[in-house]
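Each structure below is given as structure tokens.
What follows is a pair of complexes built around chain A, which joins chain B in one and chain C in the other.
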Partner chain A sequence: MLRLVVTLRSSSVEAQLVSVEQPTRSMGTAQLTRDIITLKGSAAIVSEFFCYAVNSILFQRGIYPAENFARVKKYGLTMLICEDERVKTFINTVTKQMADWLETGSLERVVLVVASIASGEVLERWSFNIETDKEVTEKGIAREKPDKEIMTDIQGVMRQITSSVTFLPHLEEPCTFDLLVYTPPDSKVPPLWGESDARLINNPQVVKLRSVDTKVHRVDAMVAYKFDG
Partner chain B sequence: MAKVLQTPTKSVLQSRWSERLPLREQSSPDFLSRKTPRNTPGCNNDRFIPARKNVDMDLATLLLAKENSVAASPKNEEYKKQLAGNMLRENDGNSRILSFSSKPPPPPEGFENPRKALYTQNVTSPVKSKKMFRHIPQAPERTLDAPELLDDYYLNLLDWSSTNIVAIALGNTVYLWDASTSSIEELMTVGDEGPVTSVCWAPDGQYIAVGLNNADVQLWDSQSLRQVRSLKGHSARVGALAWNGGPILSTGGRDNSIINHDVRIREHITSRMIAHEQEVCGLKWAPGGQRLASGGNDNLLHIWDIAAGSTQGPTPYLHRMDDHQAAVKALAWCPFQANLLASGGGTADRCIKFWNTSTGACVNSIDTQSQVCALQWSKHEKEIVSSHGFSQNQLCLWKYPSMVKMTELTGHTSRVLHLAQSPDGYTVASAAGDETLRFWQVFGSPDVAKVPAKVKLTDSRSALHSRNIRSPRDRVNLHRQTASYAFCIRYDHRPSVDPNTTLEGKITTINPENPGIVDPFCKTSSK
Partner chain C sequence: MYEVSGGDYECSTISLTLEISTNIGASSQFVCGVFGVSGIGGVGVASDVNVIISDREIFSLQTGISKKQKVDCNHDAPHATGEAETSFPGYISGRKQDEVGAAFRHCCGNNTDVITFKKAPSAVKSDVLTSLDSREKDVEELQSMLHTLEEVYKASEEERKRLKKRIDVLEQNLSAANEREKTWHRQRLQESDKTQELIRTHIARCDHLEELLQEQMRKCAEAESKVQALEARALTAEEAAETESENALREIRRCQDELNKLQDDREYMVSKLDAEVEMEKKRVVGAKAEAERLQSELDKMKGSMDKNLDKLKQEHQLLDLEIRNNALQTTGLTEADLIIKHLREELSQSEQEIREARKLKRFHTNVEILKEQLASEKLRGDRAEAALTNLADMESKVKDQEIELSAWKELLVKIPGAETRDGVLLKIGELQREVVASVAKIGEAKAEVAKLQSALHLAKRAKDESEALANAAQEELVEAALNLKRAERKITLVTKERDGLKEILASYDEEEVVIASHQKKNQTSGLADLSTPTRSKDLRIKQLEAALADVQQHAKLLGEEVERGNSALSEQRQRSENLALELAKEQERIKLVEREADQLRAEVSMLESKIGRGESNPAATKVLHMLINPEAMARGDNEVQALRAKLELHERQSDGCREEYSNADSRSDSNSVEMLKQRVSALEKREVRYRQVFGNKIAVFREACGLIFGYKVQMNEEQDSSTGSTVTLFTLRSIYSGSEDEQIQFQFKAGNLEMIANEYTSSPEIQRQVITFLRNFKSIPAFIANLTMELFNKTTLG
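Right after this comes the complex of A and B.
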């Protein structure tokens, strides 16, 4: 009986993966070039990942009303994208700038801060540490990693974000979010960007999430939250 | 490794160190024989005491330090990095933290996190649920002056009618203070018969029984302000009165006896109950009107059946409780649990005791650290309020049955002798030896209550409490019905009253900001 259940599960996962693969397979000629990851391509993948991850967190944590979100098929999952014009512009502007930084390898960390509006207290801190392969940025060589594997990585993180609501404390009060970007101290500050403090949580509970690795950028995700147990 | 040791001094060390590298593997007897004097023959890996002068201590320290760092494998490095990352300390001061100047918009006004319904029970990370104690105002809602209020523990001089009128006996006079309009009326003044020793409203709120120092009990009509009849029977002052919810009035006097009067009939004394050995100071009928609790200065508490006196049992009373160590004045029947009685003892006792009156067993007893003058149960919550004397002169609100003290209300400057509860059950009036009458909203407020009248209507006809709740409009003179005499409770909310309304007569308003100071002008003009 148990075995039967297990096989059923694995087959359902397979079915999902197959459905993911199909579009890439159909583009037969493109497949060879797809496995090669350049710095620019990796930056695009990672910044897009941030965009979806941020939207997903906003939806899952209930920062904005659910009716503001639209469903989009992405990474073999149904992703939710905030359609509020101002939120959208904010995320797009930030992720665009992130892509630029990723291409120069000067993005060290991206932090999504969820803070109470009333008290300004930081309640959650979603942190994405980015490690950039120095050789790629300096010498411009490309790496190889199948698209499918990167997608599985991203899927894993997205699923973890979705399931995080089960352990994260409920956000009682209305909250807002902000994105913090860690760059090297010698990096240039673009216009419209300003320096911020780290907005840390005192005595946080930390849960490490999965990582996304494009062989060029490695993104380690984790969430820290206020815990008054 | 080579990268690390590129400084000249380090490279020198490195050459020496590489010589000694085998030591780390601990497998070269050759090395040991060369560097260390062999104190113990044949000892390779055993403990040995080195000759200090042969050992380069600086080098050893350096190597020791090096060893630790060398031992860090890439795996360890990774672990360390993760650890640092987890501690959120990594890159502190090394990175520039930037944020976009324009911030994302806040969620729309009034938006509530929809996940509340789904994830309110977090097991892994419980956000501590706040204990929802309701707010209890610490200051009295209103303070009235009550000059000449007798500071006598054994009297019962305050009562609040079902028609929302507070009766208080000040000296020889009984005043009626309408809580809805703040208007005041003088009901009666006695001469040599006084002072008034007890007042008690009939359940209908129209008639009031007044006990006097000369052992008389008078029945007054509060609407026409006329005496209806006089009930004689005691031989000493009547300090305790209680209606049984019907036409039966029980009176307890200093002559140690309790008399049941049927106020409708000419020969009004239906039974005389003698069991106390000293003055009776506490009398309360149970909500059903079947049982009477009486407390006396002889430290005794008796439970009587309505048929007491007529039936010939071994004892006239149902139960006698002698647990209290002082006079039992404070008595209160529980409104939500039949047969549960709370009683409080005087200065030498200081206890509130709870009784199962069916069996006579003491259910619970707590020491309050102060004499218990009066008790009132809440009609809405499982709470009881008690009033005390020395040294705090406070009111205490207790949670039942845990008897956790929810709050203490201080303000009175002398012992709080009497308590009375408003008909809506939210406000408690307290009269104290400091000659003030204070109103406290201890049992919540009508605004936040969840339509208590409606809930009660459903069970108003239950046998448990034979009281009838009707709307004020179809309220009829229930007291004329005899057999199924019903306790009538008016449940319309007390209209708010301007606290600064000038009161005529003896009760005058006191500055609520500074209740201790009585306006002398008001006081003198009142006489």
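Right after this comes the complex of A and C.
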């Protein structure tokens, strides 16, 4: 006899990833655990991933001093979160808005721009291209993917962000950052938001990073940086 | 029964056993007496004659003789001791044995002609002798006959043995051939089964491949339909591009007109600027000239004023001294009063002069202002010049811009469907959309390529397998052909053997016929029944022939099967060739698809690099960010700091400016021109006076110099014809010179004093001095002193 247990994930931004139980078999009955991912749940996972990824980049690239960061256990890793109130508020606001856009499938790309404070020149561009499953957004159907696999994807990207310090050029001048969001031209511009230029780098070096796939949203990460050599 | 045996003697011994049964004892006795052969008892009806030749073949003849007699004889070895079974002491020689054989045969054959030797020997002695002679003759004849018959019999026996041997060998061969044929047949059957199975599998594979091919064809047809659709789209796009290019041309024309207008405006502006610059230049030149004139005047007035002041001071001092002297001398009061009055007047005059001098000082300050104005004018002039250079730069830039514009226009012309800049952007957007579509197509093509590759792989594998099978089948065919050839060869050999055997059998038949006829002739014994072996032989031959016919039939069947297999193989080969051709076509198609895939991959990499750079289609996406972001905050902080610094700097600068402004205000005089005019007139008067005073002084100075140095010096100014500059000439004439022509001329030019050659200086006397002092030592004073001394010596001493 096969009994099916389905766990549905909440849509809150603070969605926690729980390790998935392996299918167990005992006394002639098999219990199978599957993870169904809804659009809301995926949006929550992806926006949370952005939050942690941005914080990680800010720490690894030394945009803010190390003493401004606090350690948090997440995705089976020790993540660093910026405790500067202004930065925290900014990132939280942006990720909330992103979650809304992700739910409507109107978020195409998120770019973290690292620029020099003095000259305003863009030195690094951390790009996260998002592909949304149209079927899910239009018909509202759910997809299946174990949490463990998603967590492994996110861990991979986080590890790559951490290791990117080895190949990215040292930022010699004080830098700051901005988050750019690519949306369709007909999407509404929320209050306190405005249009920006793409902040491109001339003749950059591009390194493709891993992807995070929730089966609803697929996030392809890459970093482009200014290369003078 | 007679037995002739000799088997125990060496290899060449012949044992001959003759068993003859006879009823007639007397005849046997007679034979024994004559031939020395003992008769052994035993009476029988039938007689068996067994002749053992060597140890192999036994040819037995059954006769009706029942009496058995055994004769042992040694044919080839007369020296042998022998183990004679008879009591007869001697041995029968080879010839004798034949004779004995013949006699026996004769006896056997002539059973009825028994002679009794016991009838009254004395009475019928002559008859007996004659009869004996005749009998002896008969016996001889019979012996000779027997001999010949025996020879014939021997030969026939040997022939029979040989034939038997050959028959055995042939039988063995035949049985072996039969076995071989059976095995071969079995093998053929197995092979045919295998080939049939292979053919079946081949056919199944061929069907599968055909299905695949049909699928490929279907896909090709789909791809072609897609291509057609794309071509139709491309045509529509081209039409759209044409219309857009027309629009672009119109826009370009409009742009050209605008450009022409702009060029005209620019030219007009340039000419205007040139005129202004010219005016400014002229003004600058005038201002410069005026400034120079004023400067020179000012310098002169300064000099004269300083001198006047010195003079006045001196006078003042002198007056003071005089007053003091007067006071000391205490001369008359009236004179003193007069002097005092005079002095007061002079004092008042001097005060007036001092006031004038002050005025002049103010005028000087005004001159400073004018100088500043001049400087500002100069700056303006410089600016104008800079503007001119800028204008040139601008012109060059404008040219560059025009070139660039033309390049852009060319580009616009080249880009179909892009009339304006916005059109270019739209075009780029379209291209990006197309790129996205192409990326999707690439994906599809890639998938198709992957499918085709997998199909190709399968087809290749099938082809390899079929080729391997075809090769195996071919090999099998070759083997079968070889086997067939071998079998045919065998068949021919067997037929040949059969024919040979038939011939031999025919010869046997003939021999038998001969023997039968011979037997018929003899008709003495019951040995006529020889038909049984011949019958068996015939039967066996027939059996063998039947088996041979079966084998031949089998061979034929196998040959047919082989032919069938060959035809199937040829069909398969043809099919495999067709498949190979199709495979080659598919490979070509795959190559084409791979090439397309490479192109698409290159495009994909290009697009990926674009994506990597972060480029996006502005028409399809909108880039948003929070207005209050960390960058803006950081930059705002930075700007605030910079602005503060700037403000401080400006404040400091404004303070300095205020001070300067106040100074400038104090200097400014509205009635400066009038004042200056007055001052100028006063200064002119003073200048005249100063000139007079200085002229007198100069005259004194020159006279004193002439008297002290012994030369009268005249100074003249001349214009240099080559450079146009003024040259000061000094003409020196010694007071000791004899005539007016003896004078030396010097030219003062740019701080250098050079002597000008004339008749006097080029005279040998002076020339020597010139060389000594001027050329060698470059000393004018020494030359002058020496010349003075020379002239002095000439006029006073000489």
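Throughout what follows, the second predicted complex is superposed on the first by the 195 of 229 C-alpha atoms of A that agree within 3 Å, B and C clash if a C-alpha of one lies under 4 Å from a C-alpha of the other, contacts with A are read in each partner's own complex, and residues count from 1 in each chain.
Keep in mind that, in the parts below, a residue touches a chain if its C-beta (ideal position, glycine included) is under 8 Å from a C-beta of that chain, and two chains touch if they have at least 3 such contacts.
Everything quoted here is computed from the prediction, not taken from an experiment.
In the superposition on chain A, contact is made by A:Ala115 with chain C only, not with chain B.
Shared-chain residue A:Leu168: touches chain B; no touch with chain C. Within the superposed three-chain model, A:Phe90 lies in touch with chain B and with chain C [touch as defined at top]. Contact with both chain B and chain C is seen for A:Pro204 once the two complexes are overlaid on the shared chain. With both structures placed on the common chain, the touch criterion links A:Pro65 to chain B but leaves chain C unconnected. The residues of chain A shared by its contacts with chain B and with chain C are 86-87, 90, 93-94, 108-109, 117, 125, 127, 129, 176-185, 187, 189, 192-198, 200, 204, 206, 208, 222, 224. Of all the residues in chain A, the ones that touch chain C in their complex are 86-87, 90, 93-94, 108-109, 111, 113, 115, 117-118, 120, 125, 127, 129, 176-185, 187, 189, 192-201, 204, 206, 208, 222, 224.
Contacts from chain C toward chain A in the complex involve residues 609, 611-616, 619-635, 638.
Residues 61-66, 84, 86-87, 90-91, 93-94, 97, 108-109, 117, 125, 127, 129, 165-172, 174-185, 187, 189, 192-198, 200, 204-206, 208, 220, 222, 224-225, 227-229 of chain A are the ones that touch chain B when the two sit in their complex. Chain B makes touch with chain A in their complex at residues 82, 85-86, 88, 90-92, 94-108, 111-116, 118-120, 122, 124-128.
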